[in-house]
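One structure, pasted below without further comment.
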Amino acid sequence: MATGNKQAELIKEISGVNPLKCMKCGKCSASCPSYNEMDIKPHQFVSYVVNEDIESLVNSKSLWKCLSCFACVERCPRDVKPGKLIDAARQLVVRERGGDYLSPNEIPELLDPDTPQQLLVSAFRRYRR
Amino acid sequence: MQELINRAKELLADGTVARVLGWKAGDLPFNPEPAYFEKEEDFADFVYDGFCGANLSKYMIEASKLEGKTLVCLKPCDTYSFRQLMKEHRVNREKAYIIGVGCRGKLDVNKIRDLGIKGIESVQGAEIEGSDTLTFQTLYGEKTCSYADAMLERCHVCKGKEHMIYDELIGESRETKDADRFAEVEKIEAMSPEERFAYFQKELSKCIRCNACRNVCPACSCRKCVFDSNKFDSAQKANVNSFEEKMFHIIRAFHVAGRCTDCGECSRVCPQGIPLHLFNRKFIKDIDELYGEYQAGADDEERGPLTSYTVDDAEPGIVAERG
Amino acid sequence: MKYSYYPGCTLKNKAQDLDHYARVSAQALGFELEEISEWQCCGGVYPLGTDEIATKLSSVRALNEAKEKGQELVTLCSACHHVIKRVNDDMKHVADIRTKANNYMQLDEPYAGETNVLHFLEVLRDRVGFDVLKEKVTNPLTGKKIGAYYGCLLLRPGKVMAFDNPENPKIMEDFIRAIGAEPVIYPYRNECCGGYISLKDNELAAGMCRKIEDSAAGFGADMLITACPLCMYNLNKNGNEALPVYYFTELLAEALGVKGV
Amino acid sequence: MQRIGVFVCHCGTNIAATVDVKKVVEMALAEPGVVHAEDYQYMCSEVGQEKIQNAIREKNLGGVVVCSCSPRMHETTFRNAAQKAGLNPYMVEIANIREHCSWIHKDVKEATEKAVILMRAAVAKVNLNTPLKAGESRVTKRALVIGGGIAGIQTALDIAEAGYPVDIVEKTPSIGGRMSQLDKTFPTLDCSSCILTPKMVDASAHPNITLYTYSEVEKVSGFVGDFTVDIRKKARSVDMSKCTGCGVCQEKCPSKKIPSEFNRGLSNRTAIYTPFAQAIPNVPVIDRENCIKFKTGKCGVCSKVCQAGAIDYNQKDEIITEKYGAIVVATGFDMIKLDKYDEYAYSQSKDVITSLELERIMNAAGPTSGHLERLSDGKAPKEIVFIQCVGSRCADDRGKSYCSKICCMYTAKHAMLIRDKYPDVNVTVFYIDVRTPGKNFDEFYRRAVEEYGVNYIKGQVGKVIPQPNGKLLVQGADLIDNKQILKEADMVVLAAAIEPNPDVRKIATMLTASIDTNNFLTEAHAKLRPVESPTAGIFLSGVCQGPKDIPETVSQAGAAAVKAIGLLAKDKLLTNPCTAHSDELLSNGCSQCAHVCPYGAITYEERQVNDHGIREVRRIAVVNDALCQGCGACTVTCPSGAMDLQGFSNRQIQAEVDAICL
Amino acid sequence: MSIEAKEEFRPKIVAFCCNWCSYAGADLAGSSRLAYPADVKIIRVPCSCRVNPMFILRAFERGADGVILCGCHPGDCHYTSGNYYARRRMTLLFSMLDFIGVENGRTRVEWVSAAEGVKFSTTMREFVDKIRSLGKNVRLEDLRCRN
């Protein structure tokens, strides 16, 4: 519990989000293009942070399914910005040793001749320390 | 000068004016003083030269109460004060016949002394149409300096050679501005708070509360100064090293803020040489920066910056933000 | 008129077209793109964490160079634009980031968001003017029905990007009109194509691309334009082949008659 | 020096638990001038007040300090008590040792020290108090109601019934307001015009009511009991005394393509028009901006066809100046603009409409004659989606922070009416919360669900996606099933937030009535004075004060009327004696104070003065006590200190400063 | 060196509050039990525009360590425009005090509405903290007034 609390505080700090502003309207989940791929839904990110269940959050698939498209950020009527929370949780994972979601070894097989540089660069930045 | 005297005599003679307000020679060659001239023979003492720094506009408050018109000689910068006083209904335009006199900068005897010229017996070149060099006969022999080097600080930051109000103009005026008006203020602003405090502590502890600044200031024209009345518990002065002088000078500057034309008379008359104009100029600088440039006495718009506002004025917190 | 120009890594490589057509078009329109001298990759993704500093420095470098030259900074790639614009906003408004970044950078004069960041489309709209552009078009693409694909990065977050109405943008449509073609407005034009996850999650990305392209085609588009190499890649790789995707600069160059230059 | 009595209240344990009241009494007795000090459980009680009165009489007190709760609570109580014992009420000062001391501090020593200082400051002030006498001002027995919607109409009717003349100023050509645009009203489903029209007729027929339609308030001066108001009666271009309301002019008018305000732009009107059939007065106006005659000089059809000769192209705006004792603001509301909510495709699709537009569509007199149809193709919808909270309850800068309060109920009403009339139409409501406090309100909502089968989904909509086939794909969340829903609809109805009429800011400024960040007028006290503005003589009726439904609006309209009547029933009012005063010997006559006076209360006169033997005529500032509200702006502008504020004089405030800094 | 003997610095702080908004906000802070240090003593004035620079300097002269002025938010003045004048006056006065070397944290203006009990309390806590960090006012005090 204590670590949950510490991690929740960390997520709030990194993201700059106050999850208590959420009024649970679900507009984030209504907007999310990756909704169906996610195990924890965007509107739930907020309550996981409030309830300090960061363990589940950092182990969720959703971390890697978020597109960083900011639709939830743009449309949130309460200025909560769930997308920022999930990004902070992702940071929490990749900043820990061994938390990388992408290993350089798997890159070659993911590439094709047209892969733009920015996709690799951003993938490294999103998925690795 | 002769043209001025002739015209004054003429207006006196034909009854247009009942008296003339100008300067008469003092006991030394560099200290003429304001005076009334009512008869032709009075003009023997009339003088108008580089040492006639005194701003005559404030005298017009009392002169406005006298019978008949008063002819007043106003330099370009004095006319700002006159116009400001008009706005405040303190002088009566109808009672004034304004001759806008030419000016090529006024002289500061302290600066001359600082140039090492002491024991002055006579001066050449201070005349209104004089040369660019001043020549002094002193106890220690003849000395010279350039006119510009001997000018009052205020003339180096002159507001311009235009008269803001006049009935007629006599004499040429010259542009003397060669310095930034706010440079001194900026220099102090750049100091650390400790340095600023020490600076003003040193300067203001010299104050003897002689009230010369207050008496000469055309904006300080209250019938009774708040520091002399019982409306506030503020009418005391003790000669100690304390906040007292600062309070007086801050409040004085605050009361004239937005109304002060920056005529510089306060500093000119201070017997202790305190740069009192810095207070006024700091307010002017802030007003210009925060509320738009404003020159008191330059217009007939009735509202000054402290009696108007805009809804999106800066917040007082800006003082701390600017650092 | 001279602008500082930040091409970004992809434009030097897989998206050379995007860059090339922009340069020749700029020349035709009478402005110059002066490449930032030692630009570094922006990272491709804006680091959201409020404590991220190092990842923002390459943007700050580019921004500062433009500031020193007294020029506006122009970008083309949506991702670069997004990252640089947002970092600039941080430098302007977030004191903590500003202080830390400046401490790292050790500049002569601290950078505080002074540079104005413009997307190439904004240059066309706000500096050149679509009216003027229209006059300079020698080869109008009459009859072409073009769907503008904005994607997410140019528009959101609306307050920071200040590019256009994030839910109902029109800058690309106005652009399409200016080059003589007919814009096709379709609702998915500001929805994400899933580009960032296309590396590891083709399926998901493909679903999104199809939604976008079906919607555009449904409303009658016969091609799409984009400003983003990542969208281009993703739509080409994972989308419907029947609907070609072009960089907007390519069509611009074509309309200005400088495509072959 | 005054003979001062200090009275320290325990306020039960509210004060006494944290402040050592005995110590405060003890310290008070040590203050110069204090000849009496005591403490009591509840100073505001009858016994407490008697203690003060007894001490005033027995000790011949010249000043009283009560250490108690906030002066905003009981200053008047104690002043009245002192007055009954023969002391001028303005010789009483309050030291606020509850709200500003005992309630915020825990440590007894600390709180007691502070209470002593606050007591000292009050004693120091009272020492310099002077007896003040409230002046009297007359009350003009006429009321002004700004806004002719249901709120304004009800207020005016109630005031008129009490026997006072009342004027309604309405800026549109007819009274009736928003309610006249509604089709049915919840929770009883009465026809809106059926219940509103009789009231409109009553208002126009009442001998005590004067209607100024197509008119606006232009200028307000004066103060409670004695306002002077300029009303601009805009040129109607139709002579109201001649017009018979036959309507021929509207039939013949060739300029027919002007979006009808009444139908929210869903249908067109002519340039000469009455907004709706039941308009009162039933006299059209010429919309000069769109009239061909006014634009080109040619036409004049209406004039030619008017049998009564009522058309007058040369009519000019008229300014009517009238005096009023009380003013009621009833300026109502509008829906917010939806330009910041393009994700709902309002501007992209004709079939995305607001609830108020739906009201017009459902109304028999509306653009579709009451048939529910899609505005894009006129087809009957089969699937309708309602989206709640569009722009309400927002913490961003797109919408409003408040709940608009009426949407949940009207949406239930719409859903029910549609299901009732068109049983084959499916209705889905996306909601965040369903808020139905009110008599028979929740029952009403439950009926929509249980009897009419309306599908309520908890979750907001993220995007409305127009489809090539003309349908609208609604992408929303179902938070109960934890699903993202894609629903194909024929029509989408947005419950847009309501906001105060934008004109209200201008009116509030004229009235010096305060207004909150959302442009709602502020009430004097949220709980105890909800229909009064903090500015005396200004009352609030309807949504201009906060979101309300019709029953609430009508109740508040009645309440505002009662407050106005209470004022009009008085012959004289006591004025605030804490006004500015100019010392004629110190006044410079420089006009600076007049520049900052918001009430125009300072004028100048040439006056003969005797300044210590100097007799002269001087320009002196003079304060009109009746106009001065006592803000004190002039006192700081005045460099000489000639302007001072009674009750808050320079020396009084300085004495407080000194006592605190001691 | 004793760490015990040093008495905690208790600043003297004068808060001028306008009757309509800020005084009511202070009342609301009280009725909501939102604590702030007892060092703050409130003087009620009808409007922020009633506060004369003389009062502020007077307070400093008499040994106040900080002076704060609270009024209605711009646009919400009970007297419509009083706080706008106060805003200009205080901006200029504070700038002057800063100019003569007084720590600018000793003066502050804050707009507090009648509904902002929380803001009143936080503002006062912040202000007291600031003054505590600045320590005793020695630059403005009139030594004769020291007791």
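Letters A, B, C, D and E name the chains as they come in the text, with residue numbers starting at 1 for each one.
In this text, a contact is a pair of C-beta atoms (placed from the backbone, for glycine too) under 8 Å apart; a residue touches a chain by one contact, two chains touch by 3 or more.
Worth saying up front: this structure is predicted, and the values here are computed from it rather than measured.
Path length between chain C and chain E in the touching-chain graph (shortest route): 2. Graph distance from chain B to chain C, where chains that touch are one step apart, equals 2. Between B-E and B-D, more contacting C-beta pairs join the chains of B-E.
In this assembly, the C-alpha centroid of chain A lies 69 Å from the C-alpha centroid of chain B. Distance between chain D and chain E, defined via averaged C-alpha coordinates, is recorded as 31 Å.
Centre-to-centre separation of chain A and chain C, using mean CA positions: 24 Å. Computed from the mean C-alpha positions, the centre of chain C lies at a distance of 48 Å from the centre of chain D. Multi-chain contact residues of chain D, defined as those touching 2 or more other chains: 343, 463, 596, 637, 650, 654, 658. For chain E, the set of residues that touch two or more other chains comprises 53-54, 58, 75, 81, 85, 89.
Contact with two or more other chains is made by residues 71 of chain A. Contacts between chains, counted with the stated touch criterion, involve the pairs A-C, A-D, B-D, B-E, C-D, D-E.
On chain C, the positions that touch chain A within their shared complex are 8-10, 13-15, 41, 43-52, 55, 77, 79-80, 152, 155-158, 166-167, 191-192, 194-201, 204, 208, 229-230, 232-233, 236-237.
The residues of chain D lying in touch with chain A in their complex are 343, 389, 393-396, 398-399, 432, 458-463, 475-479, 482, 484.
Chain contact summary for the complex, chain E toward chain B: residues 53-54, 57-58, 60-61, 74-75, 81, 84-85, 87-105, 107-109, 139-144.
Remark: chain D residues 583, 585-592, 595-596, 604, 611, 616, 619, 637, 639-642, 644, 650-651, 654, 658 touch chain B in the complex.
Residues 70-73, 96, 98-101, 103-107, 110-111, 113-114, 117-118, 121, 509, 512, 514-516, 522, 534-535, 578, 596, 598, 629-633, 635-637, 645, 648, 650, 653-654, 656-658, 660-662 of chain D are the ones touching chain E in the complex.
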